[in-house]
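Okay, got some structures for you below.
Each of the next two complexes has chain A plus one other chain: chain B in the first, chain C in the second.
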Partner chain A sequence: MYNFTFHRPTTVRQAAGLLARNPDGKLLAGGHSLLPVMKQRLAQPSAIVDLSLVEGMSGVEVKGRSVVIGAMTRHADVANSQVLKDLMPGLASVPGSIGDPQVRNRGTIGGSIANNDPNADYPAACLGLGATIITNKRRIAADDFFTGMFSTALEEGEIIVKVSFPVAKKAAYEKFKHPASGFALVGVFVSKRGPDIRVAVTGAGSNGVFRVTSFEEALKKRFAAKSIEGMTIPASGMNADIHASPEYRAHLVAVLARRALAKANA
Partner chain B sequence: MSATGIGAPVRRKEDFRFITGQGQYTDDVTRPGETRAVFVRSPHAHANIKSIDVSAAKTMPGVIDVLTGAQLASDKIGNLICGWMIHSKDGSPMKMSAHPALAATKVNCVGDAVAVVIAVTIAQGKDAAEKVKVDYEVLPAVVDPAKAQAAGAPQIHPDIANNTIYQWHLGEKKDVDVAFAAAKHVTKLDIINNRLVPNAMEPRAALADYDAGTDNLTLWNTSQNPHVARLVISAFIGMAPEHKLRVIAPDVGGGFGSKIFIYPEEVVCLWASRKVKRPVKWTSDRSEAFLTDAHGRDHVTHAELALDANGKILALRAKTIANLGAYMSTFSSSVPTYLYATLLSGQYNIPSIYCEVDAVYTNTAPVDAYRGAGRPEATFVVERLVEVAARQMGIDPADLRRRNFITAFPHQTPVIMAYDAGDYNASLKKAMEIADVKGFAKRKRDAARNGKLRGLGYSTYIEACGIAPSQAVGSLGAGVGLWESAEVRVNPTGSVEVLTGSHAHGQGHETTFAQLVSERLGIPFENVSIVHGDTDKVQFGMGTYGSRSGAVGMSAIVKALDKIEIKAKKVAAFMLEAAEGDIEFKDGKFTVAGTDKSAAFGDVALNAYIAHKFTGAELEPGLKETSFYDPTNFTFPAGCHICELDVDIETGKVDIVNWTAVDDFGTIINPMIVEGQVHGGIAQGVGQALMEGAFYDANGQLVTGSMMDYTMPRAHDLPSFHVGLTETKSPSNPLGMKGCGEAGAIASPAAVINAITDAIGTENIAMPATASAVWTALQKLQAPKAA
Partner chain C sequence: MATVSMTVNGKAVTGDVEPRTLLVQFLRENLRLTGTHVGCDTSQCGACIVHIDGIAAKACTTLALQVEGASITTIEGLAEPGGKLHPMQEAFREHHGLQCGYCTPGMIMSALDIVRRNGNNLDEHTIRDQLDGNICRCTGYHNIVKAIEAGAKAMAK
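Right, the complex of A and B next:
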């Protein structure tokens, strides 16, 4: 790790101010994406702005027909939230599938989304539910937020404060774990909220999380695995690496979508 | 059997300190004035070093010195060596190129060290290491052993033509050819034994401390054999005379073979400590471990089996290319030769065997012994061939094995080994019962209803352990003898210290060795402590690998205990005023035969030291004995593993649902520890079969350079194992032990692959059989049906 200055603001405003004064500074949430790259000397932020003492950034709350999760809420706290488990077990299962207990006890939803790792789980849930990412400056629809691998609509110095998920009647996540890392080799989140049907895929696409509109169309008739039976998506645009071919990833998208649909309807 | 004697499942003594974080590993040892070594490593797999500029690095804060390969050479520090001479078929000696601890003119794999920064802290060392400017001329690389010998392949060492280290063979080619010509059935397989990264929990480390006052050097390191390390570093590398070099391998957190070898980093730390006159410590991080620990396996093999119409095996032949990486590691040459081809007879009566092995250099990390070392590769070849032959001939795989089992002992194979004892039918039978093979067909139908293809695979393996008779290995090219030493020190109060040349790095010797002493001397288990891993304490030892600590290390203790008993009887005779020949020793008590006169072991020990009952002319005081034990043969643990698994048709994911292991390890000292060894071995074997694989890209970059890409087996990947034992005692050592450390890793890959191929109905699938690979194989098969 290289040297850096360490700051511990107590308000979002202070944090934003510190970022403004330290242009190559970085926010620190759970540290489970940032610290590994710093330890490997692949990142060299001059300042670290730790969000852990900022008030009011964590917790799971039901507000009307939405569930609002503070950006600093740890994966374990979301996974174990009783309100969420009762209301949308499909969403609660997403952080429950992340990493190991150590990761879940430190990692946060805000950090995960801001990082937008192409194999991360939360981006599929955000896109698959049509969440709204609320920052210190504005509200960003999930459809506009994830702009490619490790890239988001966040501007310099913008801080995610919370994420608002509309409550969907039917929602489920199906994850096929990357054999080594435990991230999603492919993960598919499906949901149905009135006429809004979403199928979002993480892990597979070479451009990060994406929606499968052909499946969504087919599911408009009936939100069931049967409706997409035999449907496939093209392998072009899928990731290729030693762990899986594009064909395998494309195949898994369809398999996991069917399984997620079955789960959502169970 | 006493509660702590031979055969008792005693809890491990050492675990208290390990699980409470009180183990003392090399990195835990600190010396006053200690400095840190940070290595500058090549980012290229193959490049000429045009220049190295350390001037900027030397001026960085906290930097004490920056040293390079040129200085190492001018200080006449010798190259690392491979200590086992192999001769090619044409009689020529193997071609070993130079392996300097710091590369001076050329790098041959990613991670090759070119310079070392000695700094006060690691962070300062890393900052300075970034300032070392190395001008590389990048060369094309070769990583695939099958391509290394091709015309036009990059030439790695200028003095080694075609990157070929040796072209070795074993067996009678003519006999084999005749048998194949007459065979009714021939099975052929192309097999890749995937390259593995050992990944011991504790990374390698070294701490060197030069004492200018005495001119003595001390090295703490993560070694499985500190005496051999001292011998090599002294005699071949020329660091210091043996009596001026002390090597201490304290608690060591796993080795699996990778800590047998002498590595560049420990040599450099020793050299640097003498130069800067301060202690120098290096602890590998996980990334360095992936790049620089000696890897395992990496064979490319074509193998064939000839059978008659009844499924009797007539002959076996194999041609293997073994990848030894960029440099020849300490024992690398022996692994794909005498530890591999000599086991190609398996548990079977095979009249003729012929094996050719080419060992090649590539631009990859060195490859050497890894849990099983050669024997897993042999078992995989034999057990895959047998299984496929059975299926091709329409014979039940268990039956084909039975038809060919060796049943009379001793049995001389055509490939050197003389098996001394075993009962292969017994372990197969017991394993089939535990695994409920009879009920398999029904379970397969049930699984099919859930979209699963169920498969069953056998592996009836054999290995050669208890390595090894010194004269025998000497005749095969070994540079050392493979005996073991023990010293038993009885204290005046009757407690006992055993100094052993075996080294424990997870095996539990402090427990099992104490069990042996407790049983033999009839003293409490708590009154025995085991001392190992320090060349100043233990006179000499050959260390731990090849499942040798029981069969060889404990045999040496037995021999020393025999001598203790003889001496103690003499002391007792004086005490009890009886003739030495009338003294009997049993359950910790010396008695005069036919009387009730007796003396307890503790009293005899005290009398040996106070020496009041005899004069110096009659008997030497003291009670301490030493033994060097050289085994008369290898031992041959064997058994049967049965893997039952499900393949998810939709995703190709494999789930092991049932694992049965029935092993014959001869005498068992501690069944709990043995079971643990079997579990760990199976985990590593399943890892090799389903998950692990070190992949280099065409430029020689290690793609699987971290836990994010290299899949280690986790507890949840494995079922609860059903472990059973059969027992035939080894006649080759006094305890009848065979060794259990490697069996699991040797047996299991073939059982898994046999089960997968059974499930999906294909002949072959490469390891690691990941979900992606299995799915791809399923796509290639025509319309797989779930029943």
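Right, the complex of A and C next:
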């Protein structure tokens, strides 16, 4: 790892100030994506701004028709949140599938979303529920937030403070887990909230998380696996790597979407 | 250099470190607590697992400066001062839950976290599922699982 200066602000404002003074600086949340990349010397931040002492950035709370999760909330704490499990088990199941128990003890929702790894789970949940990402500057709809592989709409010095998920009556996540890394080879999040139907896919697209509008249209009549029976998505635009071909990933999208719909209706 | 202070196995410690120093390096190289191992150095194998304020974490993926002020427990902190092993350590000895022993400290620290999260009555499926973050390269899982089941029960006594 290259060396850096280390800072531990106690407020979001201080953290933003530190980023402004250190243009090559990086925010550190749980560190379970950033530190491995730094160890490989693929990232060389001049300064690390550790958010762990900033107050009021973690916790799960219900606000009206939404569940608001602080950016520094650890995966284990979201997965174990009783209020979330009661209200939206489909969302609570997402962090429980990330990495391994020790990774879930440290990794955070804000870190996962800001990193936007093309195989990460939370981006599918955000897009699949139409979440709002709340930063120190503004509110960003999930539809506008994820702009491509490892890239987001976040500007310089912008810090995710919390994420607000609208409560959907039906929601579920199905993931084909890579057995070694625990990442999603393909993951599909489906939800229905009144007329708003969403099918979001992670792990498959060569440009990161995306929605399957053809499935969403077909589900408008009836939100059930049967409605998309026999439907497929084209392999063009799917990721190709040592683990799976574009055709296999496209196939998995349809299979996992049907399984997620069955789970959401169970 | 920066100064870092924390509590390790109940003792207050302080050290001068570069900001890039990992917690596992600080434990092994500054404090000479070499029971915490570095296996893969990529957050996969779990040989470096310690408890940070009572919760298991991989010390190879944590900066020493990130745990300023925290309370750390390593494998060296489990046995009683007189040398009497912790019930989980004793169960690993009794059931021969190790072959080469390299993964053992991480396995035991992980096992204690499994008990914290799931209680003292563990079934084989839960133990195997929850050992997702630990790798035994000897593939000696059978006795490790047996040891954790017995150790968890012994801890309730």
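Some observations on this one:
Criterion: the second predicted complex is superposed on the first by the 266 of 266 C-alpha atoms of A that agree within 3 Å, B and C clash if a C-alpha of one lies under 4 Å from a C-alpha of the other, contacts with A are read in each partner's own complex, and residues count from 1 in each chain.
The rule is short, and it goes like this: a contact is a pair of C-beta atoms (placed from the backbone, for glycine too) under 8 Å apart; a residue touches a chain by one contact, two chains touch by 3 or more.
This structure is a prediction, so every number in the text was calculated from the model and none was measured.
With both structures placed on the common chain, the touch criterion links A:Gly31 to chain C but leaves chain B unconnected. By the document's definition of touching, both partners, chain B and chain C, reach A:Met1. Set against each other, chain B and chain C differ in how many residues of chain A they touch, and the higher count belongs to C. Touch criterion not met for A:Thr232: it reaches neither chain B nor chain C.
Counting contacts by the rule stated earlier, residues 1-2, 180 of chain A appear in both its interface with chain B and its interface with chain C.
On the chain A side of its complex with chain B, the touching residues are 1-2, 40-41, 176, 179-181, 242-245, 247-248, 251-252, 255. Considering their complex, residues 123, 126-127, 130, 287, 650-653, 691, 693, 695, 703-704, 707-712, 770-772, 775-776 of chain B touch chain A.
Of all residues in chain C, those touching chain A in their complex are 2, 18-20, 41-44, 46, 49, 55-58, 61-63, 65-66, 68, 110, 113-114, 117, 130, 132-133.
For chain A in complex with chain C, the touching residues are 1-6, 8, 28, 31-32, 35-36, 38-39, 48, 50, 52, 99-103, 105-106, 180, 182.
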